[in-house]
Each structure stands twice: as structure tokens, then as C-alpha cells.
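Input: one structure, supplied below.
Labels run A, B, C, D, E and F following the written order; every chain starts at residue 1.
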């Protein structure tokens, strides 16, 4: 059921966060809660820039939810 | 086996919750229990509006169950 | 390997529980153990009615096992 | 990569346990360790009969390993 | 993205461990750390022989990593 | 949605870490945090060389995130 189609609301929501450089929290299945801004997404991953400008490559399959901070 | 077909009972159940603005609880594989109303669903995600009007983008693969609150 | 084919023993077993209104326990990957009767199944979910007549929409990917109670 | 092909060693190993009624332990991703004999397998599940003759329908996606007891 | 193609480095690495009867540690998503030698692999499973000569059928989807011991 | 296409930013990011022999941290769904340099990737796995020159074969499905160390 997973699809990387830029017409889908879920993909567009993440595009919006990227374009607007919104601070977001990403909760992972490990229970880590990562804070930062999204730099890009592709079919496998979302790349998050954290407050120390470190780029974190997050696998989609490990994401539980994303919310604005 | 996962399918996003609007004739399926599981997809229609979530459509019903969305249309009727029912309060629901969504239990995740992280053991988080999120409360809110569902705004939309697509093949990847369900978007939940929480009691503070924050929009939470929840990945389907992380959902254990949904029940009315 | 997951398939929703009503000839498969696993799908028929759940159909049997549904038709006979057997009390079942569903163990989830979250370690929740849910009790109730199964009302329907589709390719994504199993819908369980709990002892308070609450309908719980359970995602198949989160199920560890089902056993009669 | 998951396949239900009766020529595969993993499918045949489980067929062997079933035919010979070997006692096995099945470790799940929930960390449950279930003991019993395997009655059948299909593409979705393995059905285990426990020492109390209760039939437990175990989803393949939740299995970590199987070993003889 | 999972593939069982004997030209892939990951499949060949496991073939190497099998042929050379190297002692390996297999870490599972349950956090179990299993020790032994790999006897065979197929698209679903890796079969490990533990120090007591017990054969453990490990599902690929539950493997986090393999390293030489 | 998972794809092993060398044009994708996520695959190229890992290629960059490999080529440049950057120290990275790989966080797994088991909550292990592995440190090392990436030697190769294929559709199933990423091979990490740890500080003791031990090669660890990490399954992609178990990866939560990768970040430079």
C-alpha cells in the first residue's frame, strides 16, 4: 500500500514541511523523538537536519509519526 | 495484502470516523496512544488532529488499532 | 507472502471464529492482549467487538497470534 | 522475498515438523515463546496446537525463530 | 527491495559463512543474540546450528545483523 | 515503496559515506547504535566495518537511521 506519488496528501504534507522549513518532531518505532527540519524525501528515506546541522537519514519503515513542533 | 480500496470495510470504517468527526484513539506499535479526530487518510498515512489542533501524520505501518473514544 | 484468499486455512479459521461468534484473544506486537468476538476481516484489518461492544479495528500487520478464549 | 513454495527448505522444514508431530518452540517478535506441535501452515500463518490442545493461529510476520524442543 | 539473488553481496556473504563454517552471532529484533554456524539460507529463512547441534530456523524479517564471532 | 536505485538521494547518500569512509552511527530497531564505516550496500543489507575491523552485515529492514559521527 506504500506509494511515493507526489499527488498523495502524505507526500505533499512532507513537501510542505520541507519547503516551509518547519520544525518537526519525528517519532520512530525505536521510540526516539527526533527534532529538526526536513531537507528532502525519497521513496526510502526522509532526511532531517537537526539543531546541530547534522543530517540524519531516517528510514520510512521506522517512522511512527511526524508532527509540527 | 495491504490495499487502499475505498470499497474495503477497513477503509470505509476510517472514512466514517472522518466524516462523522468521531473522537478516536489510535494505538501505535511504539505503544503511544494518540487521541483526536481523523482528517484524512491516504495509502501511506492517516492524519489525526489532536485536542490542541495539531496535525499528526501517522504512518499506517505503525498502527496497531483504532477504536472510538 | 500475505494473501487474502478465502480458500486459505488461516482466512477460513478467522471466518469460522466470526460465524460462530467465538470469544478470542488477539495478541498484538505491542504486547496488548485484546478479548472479544470477530465481526469481520478484510485484507488490511480484523474488526473485534470487545466485551463493552466497542468495535476495535486491528491492523493485520500488528497481529502476533489469535487463540480461542 | 517471502515465498510460499513447497520446494523451499524453510517450508519443507516446517512440513517435516508437522508430519513428525515434533514438539517445537516458536519465538515471536513480542518475545513470547510458544510451545506445541505444528498442525498446518499456509502463506499467512502457522497453526500451533499447545499442550492444552488449544489451537493458536500465529502470523508468520511475527515469528523470530522455530526450534525443536 | 528484498531479493534472493545469489549474485548479491549480502547473499554471497552468508554463503561464505556457510561454506567456511564460521561461527557467527545473529542479532534479532527481539534482541536475542544467537550463536552458531549457518547451515543453509533460502528466501524466507536462515538455518543456524547452535553449539548444542540444535537447528534454529530464523526468519529473515526478524534479523537485525550478523557478525563473525 | 523501497527501491534500490542508484539515482535516489538515499542510496547516493550511503554511497557518499562509503566512498569518503566517513564514520557513521547506525541506529537499529533493536535500539543498538553501531559505529563504523560503510563498506558496501546492496538491496538487502548495509555492511559496516566496526572499529575492531569486524564486518557487520546489517539488514535494511532493521535500520531506523544513519547519521555521521
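Definition applied: contacts are C-beta pairs under 8 Å (C-beta built on N, C-alpha and C of every residue); 3 or more make two chains touch, one makes a residue touch a chain.
Computed from a predicted model, the values in this text were never measured in an experiment.
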Intersection of contact partners for chain C and chain E: D
With a Cα-based fit, what is the angle in degrees between chain A and its identical partner chain E, given to the nearest 5? 120
Can you give the whole-Å distance between the Cα centres of chain A and chain B? 19
Provide the C-alpha centroid distance between chain A and chain D, rounded to the nearest whole angstrom. 37
Centroid spacing, where centroids are CA-atom means, of chain B and chain D in whole angstrom: 32
Touching at least two other chains at once: which residues of chain B meet that condition? 1-3, 28-29, 44, 60-61
Which residues, counting only chain B, touch chain C once they are in their complex? 1-3, 8-11, 13-14, 27-29, 31, 60-61, 63-68
Enumerate the contact residues on chain C facing chain B in the complex. 2-4, 28-30, 32, 34, 40, 42-45, 47, 54-62
